[in-house]
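Structures for review follow.
Two complexes are shown next, each including chain A; its partner changes from chain B in the first to chain C in the second.
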Partner chain A sequence: MATFSVHVTIENKPGISDPEGETILNDLVLKGTHKIVSKIKTAKMLKFTIEEKDKKTAKIKVQEICDELRIYNPMVSKVTIDVFDA
Partner chain B sequence: MKVGVVVFPGSNCDRDMYHVLTDVFNLDAQYFWHEKSLPKNIDAVILPGGFSYGDRLRAGVIAAHSPIIKDVQKLADKGIPILGVCNGFQILVESGLLPGVLLKNESLNFMCEWTDLIVENNQTPFTNQFKLNEKIPIPIANGEGRYYVDDDVLKQLKKKNQIVFRYSKIVNGSSNRIAGVCNESGNVVGMMPHPERAVESEINPIDSKPSSKIFESLLVKMGVNN
Partner chain C sequence: MSLESRELSELKSKIGRDPTSTELQIVAAEWSEHCSYKSSKKHLKMLPMTGPLVINEKGYDSGVLDVGGGYVVTAHIESHNHPSAVEPYGGAATGVGGVVRDILSAGTRPIAIFDGLRFGNIEKDKQARWLFKNAVTGVADYGNCLGIPTIGGEVEFDECYQNYALVDVACVGFGKKENLIKNHAKKGDVVVLLGGSTGRDGIGGSQFASDSLESEDRSAVQIPDPFIEKLIIDAILEARNEKLIHALKDLGGGGLSCAISETADALDIGIEMDVDKVHTRESDMRPDEIMVSESQERMLIITNKTKLKKLQDICKKFRIGCSVIGSVKFDNKVHVKKGKKTFANLSADIVANATLLDLPSKKPEYLKTITQEKKFKPITDYSKTMMKFLASPNIASKIWVYSQYDHEVGIRTVIKPGGDASVLRLDNGKYLSVKIDGNPKQCYINPREGAIGCFEEACRNVVCTGAKPIGMLDHLQFGSPKDPEIFWTFLESLKGLTDFAKDFKIPCIGGKVSLYNETPAGPIKPTPLIGILGLIDKKPLVHQKITKGDYLVMIGNTKDELGGSEYFEYIHKFIGGTCPTVDFSESKKNMKSVLEIIKQELPKSVHDCSKGGLAVAVSELCMIDQIGCKVSLDTVPGAKLPVDRILFSESHSRYLVTIEKKNIKKLENILKKNKVSFKTVGIFGGEKIQFSNGAKSIIDLRVDKAQKTWLNSLRDLVLHG
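On to the complex of A and B.
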């Protein structure tokens, strides 16, 4: 068994408005000189520390936890899961 | 009849609700801590407003896993009237008892103001004393009150008459200006505004106090003469 850090990023699905991201883009970034930025999306990240035999299993386990406990609401949110050595 | 008021860690409208049920409408109400069971012979259950678990992760989602929710589900399946107000509504959607989800208000602000509701369904245990399209002045107080469903679900809600209340104007970006919905059977109702804050003349500037009809509807449904 090894210890892994599993990062769960929860963000709105496309089509669900993200007024905070839009405000950061339009009223902060684009009011400066950073015209190359076209989109900003806010997200929430949870960092799980988990004991598992390998990265693949750790990712599957955390996905199961997120689905079972509705860590994210599948109606409006999607998750991206990344696994790192702790 | 006995009405249960469920208390979660962070509920803060439970006492207001209990006061209104007992002192204003002379009902037999009882608090139930979220880790306890609900009696099988209870006549109605109310999930009050507040900030269960400090709105951590997402408003209502942690409370939706409380042990008492299994009992609420069983009672809902039996047709017992269940009302969720504000955080109680958020808990009902997060537990799957009601469709949809409540997102942060479009403004990202906590909104605390009086607004007007329109009654869209007067067939539920909490709305049977209203006229259809009746206007209800009522206070809101929430940060995550923007009701959202996708277009397909919205069509189903309309078809099955599950939209109970709509805001009379755009308030927070809710889909179709929805402020309250019910389940397909109509016995489980959730609403973001606070009727318990609008049924007494001391705190309601409007003489008619139409929010009283939410509680009077329950009395009529249960056949209670107060």
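On to the complex of A and C.
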């Protein structure tokens, strides 16, 4: 068994509006001089530290936990899971 | 999204050619049940929609009532059931947004929100808890951000909503009569789209709402943005004050397609628009997608070229998007272009008026045996049963829900949620009392009497505050109308509501029909929801604290009609029996008498006796004021009944009046004069809720213990399972 850090990124699906990101872009970033920025998307990230036998199993386990506990709604959110050695 | 083959051939014959793909999308959205009311419209006409206070104007999305002094009240009710069932937070929040814009589109400021929420069994079902918790948060977040108080509603749980949610939202608006938008358009006027950008979210929403929820449609999820909505409200009201708006329409189900075609049809004009001019969130959207996108927080405005500049300045000030997307023509056509190329060109009349259906109906089989009661196990310890009852999700206090809502913002709220109806102060010195009520358990057992019961109960609630009912909103929620048995229940409910409305001269000022509410386990129970607006000329009856020695007087007869009662369904797990029936003449007499005693300022409070029966109604009074009460069941008006029936019957037209001893004689005189059935049934004092029958004690509960259970059990259930 090894310890892994699993990052779960939850963001609105592409095409669905993201009022928070738009507000940060329009009312903060573009108000300054950062005209090169064209888009900002917000997301929520959860970092799990987990004991598993390998990266693949760690990823599957975290996915299961998130699904079971409704940490995100698959209707709205896109989820990306990245695994790192802790 | 699709048209039925019959509808497709009908469209072809009407336009004399094959429709383009954009035309197909537009028509499919507009001819969906959600937008066209094709199954229900023929029958809805039976409801009385006029009255001395009702103001009817073309193209209004909300009902308008003249409340005197040059002021009007507007009201509307909507549901967001399908979206909330898959995304409760966003679904409930955007539901609030939609109904708020309906109020705004008449040119009035939204001043109060109401929500009626229904879910599955939250005691057993984790999904139902998740839906409930998130829908409440959705309503709270959206309403609170807008600065509009959410001042009333109801929450109910029933197995028939398993994996589903009914999220009904009503909104009330207020404004000057002279500021109402008189929808009209002149040649050369421009069509402006104002508000949030158009994106791919919510594509096919209205279609989705008209299909049963078997397949989960992923694209139909809408994301709420209350801050844009707040800016839209302020911008529109400023534009209204500057007289910049010729016509105004909210974009709801069906998006631009419905807004354009319905506006053109209502005003008898044509609209030519260019999809390239619509401000979109993504650059690669197809014309079809732009036309049917249900992105939230958008309004359509018709104005003229000179006023446009001012309108644009207002939008700039509030930093909301505003694009001129087209112009008014006089060919009665909906003409959609992209640059020079035409993508759709149809008669508004064809698009906006789907062929209305006359669906078959048949009395459901289950109703034949539903009134038969089974033999119940006798209750040995009523105090224990009562404690269980007070903790049950449908009876327990909903304080966990309404404490999340800002119900005072706007400083109009005179009577806050938690009692019978809520009351708002109006600028003309009068008060508006509002309540929404539904009762699917009774409507299942008897669709007609159940619906009438909801109507009467909502009326009773506003009467308890001293208000006279002046208008009604109906929201009819049923399963698939293609099932003749379901359609029969729809018609029965509608006929019941019509009879009551006509008899009591309460006009229907607005409503909504939501069909195809089906869960994987089958259709929902018939769930008509009734909203009542009542007007108080002088001053509302604000509950005064009950003190020792006050009397409890009961008005109205308790009858042996426990079908659909919480007692049968929660305690005995039995669905069936006789549904409570409203006796119109008794109901009218009781309402009139209650209003009279309130006018004479006799009672300290008047409480409606409904869900859970007399036992729960008395307990509520005791728990709210933390005072005991001794009630003699043998004095309760009505025929002699077994103890459990007197305690838990949900008979209509009953009121509990709390009154000081010194006023009791005057009260009796008025009630006797009006030939009302009443009795003094109890006296307040002590620290116990006690019901006795003759010398025998039936229920004996400590108020503090009961109160703790009643106040906290719903929250504990939601948060800790």
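Convention: the second predicted complex is superposed on the first by the 86 of 86 C-alpha atoms of A that agree within 3 Å, B and C clash if a C-alpha of one lies under 4 Å from a C-alpha of the other, contacts with A are read in each partner's own complex, and residues count from 1 in each chain.
In this text, a residue touches a chain if its C-beta (ideal position, glycine included) is under 8 Å from a C-beta of that chain, and two chains touch if they have at least 3 such contacts.
Fair warning: this is a prediction, and the values are worked out from it, not measured in the lab.
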item: Contacts of A:43 with chain B and chain C, given as first, second, both or neither; value: neither
item: Touched partner set for A:81, first chain B, second chain C, both or neither; value: neither
item: Touched partner set for A:30, first chain B, second chain C, both or neither; value: neither
item: First (chain B), second (chain C), both or neither touched by A:19; value: both
item: Which of chain B and chain C A:69 touches, first, second, both or neither; value: first
item: Doubly contacted chain A residues - partners chain C and chain B; value: 16-17, 19, 23, 70, 73, 75-76
item: Residues on chain A engaged by chain B in the complex (per definition of touch); value: 16-17, 19-20, 23, 69-71, 73, 75-76
item: Partner chain C, residues of chain A touching it in the complex; value: 12-13, 15-19, 23, 70, 73, 75-76
item: Touching residues on chain B, where the partner in the complex is chain A; value: 57-58, 61, 64-65, 94, 100-101, 103-104, 106-108, 148-150, 173
item: Interface residues, chain C side, partner chain A - complex; value: 86-87, 89-90, 130, 196-197, 199-201, 216, 218-219, 221, 223-225, 227-228, 281-282, 295
